[in-house]
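What follows is subunit A paired twice: with subunit B in the first complex and subunit C in the second.
Up next, the complex of A and B:
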């Protein structure tokens, strides 16, 4: 009894091999992250200065700063999420909490899945037709943000539904049993306990919104625009610059641009995404600390 | 004197999709009695309770036929289904502490009904927790989470919540399935007290529990009532149906 047989030794050896293998794979994830971030920041550092962040580009972007592009990217992220997050969350609440399993729900779910699979360049063409021409917004921040909203909406719906369905059904039944309506149940039990999961889904879309070039280059992002000195910097019906587009332009079209300029723009793009995400993540940690089960 | 009928069920049929799970049952529940409902799993006990408080509505595939009257009013015609559910306290087999404080667990139902008065709520929460024999254990940590309580305490919390909307009928669905025998006995004592104020339907898989508490006992099997009689008859050597004798004596099937 309890003696070490060859079978046991084999078993334990395999256990060690498996554990090492999985650990190496997990560690492998860290390497590209460090390389990308480190490389971009190191190469870009010489070009970054206060002036770089706060002035307009000059001489076809080869000199001056990236201020309009920085502001433009923040505008696109904020406006598109202001549209897609509420609509997405409300739609997901309907689909997960109210909708019965009928043909209408099935068509909506099918549409969500298919919309999530549409390539971003196709979203760009749709935005051009729908917002720029049909709704007469012209090439503008508004049209570009709405195009990005359409792109992120299905993913937000899917991730929100996932977060909602993680709340046990027994909670809902307990509420119904004591005479609470569906809405009272959703507002007081379901949403407070799924909000951190819902936020995770939204956060992931921030980086997607910031990084996409294809959907916005037809619909509202210009190669060069200045920002006026007004309070809001851009108007909704104006075109704007965006970091992603600016990066693409500087590295492929502008002749004579210094190499570190591209890296500096990339580092700024990373910084913006990290900043927006960090805010949301801190908020999520706060909410999670209040999670009740 | 015949006792007043609190609930009247007439030829109730329930289908989930194509599958009929309750095949036309009829019975009455008298005011201020404990009606024991016994029967093996899948015999339709839980579904029956869900028909009475109409939470069966949340199962889209369920189709109900027949008449269920509470206080003489057909539940399927009521205009205020929330009022109906408040009239019926429901305790589920597994304790469900809502992810709220102990206080808010009990105040949930009155709040849902629109009651805001803090002093009334304070007094009411204490009363319900006392009735459920939980007050002494939790009075010092009333603002801590209900989900952190032990299983037996959570089940008493569930009972306190079921009492919080001042029901006239209390339905207990196998409430002792997840709790220890000592707690079970305490709750059984609570039920004997509550019987004076309300009508109790006690669904149980412990036949001896029905024998201890119920005035009348119903044996439900495969969606049909095999026998409904006073508890003495059901548990006697000669119930009307041979299957009843075999089930209560553990020699069934």
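Up next, the complex of A and C:
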């Protein structure tokens, strides 16, 4: 019969302590987030109404709604997506399907990693220097969206690469064997089989774009522009408002804004971002459950 | 084209030469586009460096590097203006360092818990929460720092202002923890199971396995995780802008307000006229930031590559 020696007991006690310790560490990250999100939503909820979402801000943003900021954020997301999604997906196709394992590919991969690590404010400086001044787009939705698209490019490249490499090599070999060319194989076999994974990456890009402030604050997002009602009132060369910038502005520049207003904008922004991310997560779980290989 | 009725013999498999010249040309064109997109990352990294440096370059001949990096006299509005970014460098480094003091133990601890101690269900849930944590926009963090954390810090530590280095460091810690956890978990997962089995066979507990076997085996990956967290913290803008108190002095204590490189650009670029000295110096700060994060990311990448070679 096995008897516990003091050493075994001590060992087990230590094991329990270690496990609890690490669990507390993990909990210490999770709990504040839940508290914070809950608190922001709770404080912001009273100020959120139909008018809040559909009217223009008044009195320098201290009163009224956030309609132009919502529209502006949608514009930034859609336009930057139109640029970064094709480039990002094709870049991932290159890295996963064409690139040989040599020094050049290593440099490309390194560039992707570094592009992801460039501080957002430096992206803003780049956008100002390149798009606003050198290419003469002026401070505009176009310049801001292009800046955002370059910033989010690595997100799409990384997730697409992962989705592509999940397609088994045998699929490609079968296709090559019936005489298909490289591109035909990619277009007919690889992309259709990885489209859901690619979409997940695109969704994550949307969430990133929605929340960024620093890259757009000098390239095309104004603190105040009105919209008269329709969705298509912003012109590409105009400046627009954005939710993230509006929150910053309300909190720091506009004096006399009600506290709830800030909370309501923060809650809206959080809502958009978390909803988009949750969609991506659910999408991914669904995807994993119906994988064919 | 041959009609494929059920009785006809199998068509001979088309050789590439069988396709029309147009199709071959189109394929070449598509491959060229793909190749261009593939190297776009390199173009953009160089482009960023080039355009940021280009705007700041006219000031380079007047730049006294010693003063720029080490003097704490940042008076862009006075006459003659002084551009000593020393206090800003100290601000960035001190906030980052303090953030890492919180983030590294918690991040690595959580990574160990996720990778080694919890069941599959808990793991999936925790990973989702961590992903959501990473998704919270930095301007919302800043808002939370000002509205929620600031008053709490003011009350708990009896300090005059709640927006200070400590506040910003807490936010930065929460923002960089997701990176540390996910990269750290990958590093621990990359340790072969045979190592764990060998340790267990010798009678080691989980904790002993983690401490004596996994940490040494995964140390490069864990280091890379920390470095990427540092990179994120250095480059963060909106949260530190709102929560540091934004004051260009060398801090005496962790409850003093500080000013970071990123926040300086964000606040002052709007006031600086295009082409003015101040404007150029701000772009040079951008170059400095780019270089800093580039070095950190490069080191992290080389550390990771180091493991793979082994």
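By definition in this document, the second predicted complex is superposed on the first by the 224 of 293 C-alpha atoms of A that agree within 3 Å, B and C clash if a C-alpha of one lies under 4 Å from a C-alpha of the other, contacts with A are read in each partner's own complex, and residues count from 1 in each chain.
The rule is short, and it goes like this: a residue touches a chain if its C-beta (ideal position, glycine included) is under 8 Å from a C-beta of that chain, and two chains touch if they have at least 3 such contacts.
The structure presented is a predicted model; accordingly, all values stated were derived computationally and were not measured.
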item: Partner chain in contact with A:119 - subunit B first, subunit C second, else both or neither; value: second
item: Which of subunit B and subunit C A:101 touches, first, second, both or neither; value: first
item: First, second, both or neither for A:51, with subunit B first and subunit C second; value: neither
item: First (subunit B), second (subunit C), both or neither touched by A:189; value: first
item: Contacts of A:173 with subunit B and subunit C, given as first, second, both or neither; value: first
item: Touching partner for A:63 - first (subunit B), second (subunit C), both, neither; value: neither
item: Chain touching more of subunit A, residue-wise (subunit B, subunit C); value: C
item: Partner chain(s) touched by A:181 [first = subunit B, second = subunit C, both, neither]; value: both
item: Which of subunit B and subunit C A:134 touches, first, second, both or neither; value: second
item: Subunit A positions touched by subunit B in one structure and by subunit C in the second; value: 178-179, 181, 184
item: In the complex with subunit A, residue positions of subunit B that touch it; value: 53, 55, 58, 60, 82-86, 89-90, 92, 94, 96, 98-100, 108-109, 112-113, 145, 147, 158, 161-162, 164-165
item: Subunit C contact footprint on subunit A (complex, rising order); value: 11-12, 14-15, 18-19, 21-23, 25-26, 28-30, 32-33, 36-37, 39-40, 86-88, 90-91, 93-95, 98-99, 107-108, 110-115, 117-126, 128-130, 133-134, 150, 153-154, 157, 178-179, 181-184, 207-208, 210-214, 217-218, 244-245, 247-248, 251-252, 259, 262-263, 266, 269-270, 273-274, 277-278, 281
item: Subunit A residues touching subunit B - in the complex, by the definition given at the top; value: 100-101, 170-171, 173-181, 184, 188-189, 192-193, 291-293
item: In the complex with subunit A, residue positions of subunit C that touch it; value: 13-16, 18-19, 27, 30-31, 33-35, 37-42, 44-45, 47-48, 51-52, 54-55, 105-106, 109-110, 112-114, 117-118, 126, 128-133, 135-140, 142-144, 146-148, 174, 177, 181, 205-208, 210, 228, 231-232, 234-238, 242, 262, 265-266, 269-270, 274, 282-283, 286, 289-290, 293-294, 296-298, 301
